[in-house]
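Next up: some structures, all given as structure tokens.
Below are two complexes that have subunit A in common, paired first with subunit B and then with subunit C.
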Partner chain A sequence: MMPIILRRLATSVLILLAVSVLVFVATLLLPGDPAQAILGQQATPERLAALREQMNLNDPVWQRYLTWLGGLFIGDFGVSAASGGAVSALLGERIGASLVLLVAAGAISIPVGLLLGTYSALRRGRAGDHIATGTSLVLAALPEFVIGIALVTLFSTTVFTILPSVTMAPPGEPVWNYPQQLILPTLTLVLVVTPYIIRMMRATMLEVLESGYVEMARLKGVPERQVILKHALPHALSPVAQVVAIQLAWMAGGVVVVEFLFRYPGIGQALVDAVTNRDVQVVQVLAILIAAVYIVVNLLADVVGILTNPKLRTGGAR
Partner chain B sequence: MSTSLQDPIRTAVLSATGLRIATTAGKEILHDVSFELQPGKILALVGESGSGKTTAGLACLGHFRAGLTHTGGEIRMAGSGPSSNILDLPEPERRKLRGGVISYVPQDPALSLNPAMRIGDQIMEVLQVQGHGSSDAERRARVAEVLAEVGLKNDDAYQRRYPHQLSGGQQQRVGIAMAFACRPSVIVLDEPTTGLDVTTQALVLQTIDQLAELHNVAGLYITHDLAVVAKIADEVVVMLSGEVVEQGPTERVLYQPQHDYTRKLLDSVPDLAGKRRVGRTSVITGEQPVVDPRPAAAEDRTRREASANFLEVSGLRLAYGSNQILDGISFTLAPGESMMLLGESGSGKTTLSRCVAGLNDDYSGEVRLSGDTLSAGTRARTAEQRQRIQYVFQSPFSSLNPRRTICESVEVPLQMSGKMGRKERRRRVLEALDQVRLGSSYLDRRPGDLSGGERQRAAIARALVNAPSLLVCDEVTSALDVSVQASIIDLLRALQHETKMSMLFVTHNIALARHISQRMAILQHGQIVESGSTDEVLEHPRHEYTRELLANVPTF
Partner chain C sequence: MTAIDSPQLVTQETKAPPGLLRRLVAQRQAKIGIGLTAAVVLLALLGPVLLPVITGFTSTEFTGRPFQPDGVFGTDNLGRDVLSRFLDGGLRLLAYSALATLLGMVLGVLAGMTAAYAGGRVDSLIMRSNDVLLALPSLVFALLAITVLGPEGWVLVAVIGITHAPRIARVTRSATVDVITEDFIRAAEMYAVPRWKILVQDVLPNITGPLMVELGLRMTYSIGAVASLSFLGLGMQPPTADWGLMINENRIALVIQPWGVILPVLAIAVLTVGINLITDSLARAAANANVGASK
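This part shows the complex of A and B:
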């Protein structure tokens, strides 16, 4: 089992390297000069040249790439062109804030999705199933900003005014000190992500419930609860894990819109700001970070798949 | 126990009376079915697919598949109190019976064993659920004991295996071990040997027979294979579309059948001796002429010497990684000759036929047709060479495109040659359908409207439409019921006689040998271990493996 995971891990590292090359080349191709962006239009040519020298902009491209890549490994993300401060200092807090949002949304949507999907499958064709599948279809069809705006209308402006619609933590103070402000962004993400998990869980569970080994377990006299938990659920999990991974990865990138909507001080907002300010260093780091999240969650999904399918970790017939 | 005192002769453990089961839509699929199971005896429930035999078997466990409901009749267990109708019990009570008192052996162990659980744990589970024994240690000892009873290894390492690490026969024996684990008094076996090769089948049947007798278990053996019935059953119930048409001791039902349907069923079972003429059965093949393969064989032998070999395969090899699938296969086929390629699953017989047809192109060695060496894959062969070799697949359920009409499917080979107009193609399709005894009414129907036998005929028509000189039939009857198999065999024999084409008939069913082929080759581990004329091989087998196969064929 370990060799397979190690092989996947090695592929992941390769993919990440490929992504880093792409990101670096893409930012090179962007118009504009970082030195100019920092110093502004009025800068003298001497100062520009000095800054270029200081930022190593005159080195060959491959050398700059390697320096940048080396920096990533030791946590030196470079200097923000817009603020002049270290990128790590700028992003540290924001990454934390986004992670809080992501983990909270994941921790709610995954169990809820699995439970509702299983419930739906078990009550196939009855009222509960129709309500669950119907609602999840409607939610899946709505874009995240529509859900977000609807929630804001419902809970903070027009109907009720019980929850804050924007995040207003004083700078330097972590977002989780104001848990009320976290509710709406988290809820929006949960409502976006859960429907997919419910639908996938329902579909795979239905398939598994029809299988020979589930019927056999029932004919062995195994109580229904145990049939579901021990015989059906493990087989339904592996395909669902893939969907969950895609959803989590989407949250890492797609969080941009939601953070923007709620003025949430996370990486999504940082990314929007950085692009507007031509802050190349920050864009690079965030792109790599989001790619890394994609790769890690997909790796986790593969591990779940390997754990639930002994064929992948043991040899064939002997 | 009171019944045994009143009636010492018939001490049924389980009796089904007037059982009626219908679909939730209201269509009745079991009509008034009754039977009794005696301790230590095996009752065979015989019928073709769709006759309701599995439904009746599952009803004995109080289980109905989705969409089915019980509408009448009862199933009583002896000695379980006055209200012993299993079907009246609430679900938790029924569950206690399942696996403990009445157990079930499924048709396909590959699907019915949980692929993610170790086999020891799966047997352990039924013991735990039923509360067998007083401690886990005792239960664990029972797991080891029952594994030994079915002839498997029972050490810890073996118990820790997953189902995919066992062969098909071993998986089925795990299924049987699971059924016998709690020492049930009734065991329902649902076609437990379908899909196993004859040697393994013989072993599994022997295990079932011994255990049933040893532990005085009453068995309900569901099958469509009458040869197996002859071997294992004490009594037979014959079912036809949800009704019991004949019932009695095995001897009487098999040798003096009363009902027409039983007679038809018996007539269509191929036998090794070739005495029974499968296909002459009236209802099943009606208007078809009967062709005896043997005169043709004699005729062929003279022709063989005269003419050059039509198909010549030499030194065919193919390996997937370290797994040598084909290990130097050589054989020849004369024009108009039919040869059976016999082998168990994994012997490489399908790979071999795919290589001949060019569907598999990574072999080394030579395939020559009328003296010309064929390129490895169909893509590299000429249109004419491709037309001369046609292939019929095992399952007619997956080899025909369900969205195309029969005419559209059958005319594909003609379209590919691109020479004919629409009308001409339709005429040729009709001709081919006539050859396989399907009329023009089938032209515009889709596979979904056809029975398995009709679909296989359509698939054969598709192979015939280009008038091939070699037909490769890959297990064409193994997905079909025995009476349908008889009609397909009959058809192929007639076609071969009419068109004088050569035929490679690939199968694992040695009993078909005398009914279809003039020569046969026996494959084992990718090598031909024996070949010769059918009579020669069957009467004077030279290789140990052939002898073993012949010894294990169930006959009656």
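This part shows the complex of A and C:
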């Protein structure tokens, strides 16, 4: 089993490297160069030359790539073209703020999704199942900003006015000091992500409940409760773990729109600002960061899959 | 007696199951989906044509002061008629989403079929490049491209199409792998039919089920992606009338003048839900040949 996990880990590292090349190539395609972008059109040639020297822009491309990549590892993310400050200073707090949102949304949507999916599968064809599958089918279709705006009109502007629609923490103060402002962004993410988990859990559970070993357990006279908890659920978890991972990874990207909608001071908002200002350094760092989260989460899901699949417990088998 | 009965029995057994589309339309859920989708598509197509008749304003004309209740649905952030902008704002969203989906389908199906049929090194090369593209969330990939190339129409279409391609390629590849081991493919190979002809004539018709489902799914995501980018202010640029952009422009006045946000949000919601209902029914029709007969 260990060799499979190690091979999977090596693949992840390779993919991350390939993504970093892809992201780095983006700067080369930009009209002009970063020095010009920072100093603006009126810069004197001498200052441009000096800044180019300082930013190592005269080095060959591969050397610049390696310097940039090395910088990422030691937390040196380069200089923002828009603000002139270090990118790491810009992003420090924001990463924390976004993580709060992601963890909260994940912590709610995973158990809720698994529970509702199982419930739906056990009540197949009855009213509860129809409500759960119908609602998740509709919610799964809606873009995240549609759900977000629906929640805003429902809870903060038009129908009820009980929750704040934008995040307004004073700069420097952590977002979790204002838990009320976290409710709507988190709820939006939960509503976007949970339907997929419900649907996958339901489908997998239905499949497992019809399998031979569940029938066997029932025929032996094992109590139904134990059949579901001990025989059916563990087998349903491994395929669902993949979907959960895809959803968690998706959140790393989807958080961009949600943060923009609620003016939440996280990396998503920073990314949109950076794209608007064409601040390539910041966009690159954030793209790599989000891709890294995405890859790590997928890796974890595969490891869960390998660990829970009995066929892979012997080293040689595939 | 048996001599009379048996021909009837035989005809009953050999009657082909209804086609994919018949099975699709037989489901109530699909009918609702088609109705919802058709309503929004008609609105988007006819809106620009009927604009002069219904409101008398163009979508970029200033008709009054900002956020006033003039006209049917009031005015927007710059004092333009909300209804006019709403009627004019759907066509571009639909066209861009359709083009992006089409591009993704063409690239994905080509890559997936090539990978499955060629096998070996070509297969692993294509699938590994897929993994790399899949490691960047599509929205982040789109934002990266827009930073470098600017928020142009063709950039939106190209970038969203490219992010769809690897996902479509995966589906195509697994469907193709199931088909190419069949005997009729072997037979075609024995007659030395060119490979591209086998792929087009023998393989493609046998994987339309999963591909149609994928098409519906990708169309939903394309609409979401194009609208999201416009909503972020990084897709369609002002003064273009567009549903996503309208939401961005008017959401500051959600309290006093909600129509500028609610109309486009509703239209996008109805459209994506409609397409998703069709896709879900399509998936059922593709997986089960008896869907239409049982209902």
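Everything below uses one rule, namely that the second predicted complex is superposed on the first by the 313 of 318 C-alpha atoms of A that agree within 3 Å, B and C clash if a C-alpha of one lies under 4 Å from a C-alpha of the other, contacts with A are read in each partner's own complex, and residues count from 1 in each chain.
One rule holds for everything that comes next: a residue touches a chain if its C-beta (ideal position, glycine included) is under 8 Å from a C-beta of that chain, and two chains touch if they have at least 3 such contacts.
On a predicted model such as this, the values are computed, not experimentally measured, just so you know.
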{"item": "First (subunit B), second (subunit C), both or neither touched by A:L29", "value": "second"}
{"item": "First, second, both or neither for A:M216, with subunit B first and subunit C second", "value": "first"}
{"item": "Partner chain in contact with A:V152 - subunit B first, subunit C second, else both or neither", "value": "second"}
{"item": "Touching partner for A:L51 - first (subunit B), second (subunit C), both, neither", "value": "neither"}
{"item": "Touching partner for A:A141 - first (subunit B), second (subunit C), both, neither", "value": "second"}
{"item": "Which of subunit B and subunit C A:V272 touches, first, second, both or neither", "value": "second"}
{"item": "Touched partner set for A:H235, first subunit B, second subunit C, both or neither", "value": "first"}
{"item": "Subunit B or subunit C, by number of subunit A residues touched", "value": "C"}
{"item": "First (subunit B), second (subunit C), both or neither touched by A:W250", "value": "second"}
{"item": "Shared subunit A surface residues [contacts with subunit B and with subunit C]", "value": "none"}
{"item": "Subunit B contact footprint on subunit A (complex, rising order)", "value": "211-213, 215-223, 226, 230-231, 234-235, 308-311, 314-318"}
{"item": "Partner subunit A, residues of subunit B touching it in the complex", "value": "58, 61, 63, 65, 95-100, 103-104, 106, 108, 111-117, 125-126, 129-130, 162, 164-167, 178"}
{"item": "Subunit C contact footprint on subunit A (complex, rising order)", "value": "11, 15-16, 18-19, 22-23, 26-27, 29-30, 137-138, 140-146, 149-150, 152-153, 157-158, 165, 249-250, 252-254, 256-257, 260-261, 271-272, 274-276, 278-280, 283-284, 286-287, 290-291, 294-295, 298"}
{"item": "Contact footprint of subunit A on subunit C as seen in their complex", "value": "131-132, 135-141, 143-149, 220, 223-224, 227-228, 231-234, 247, 251, 254-255, 258, 261-262, 265, 268-269, 272-273, 275-277, 280"}
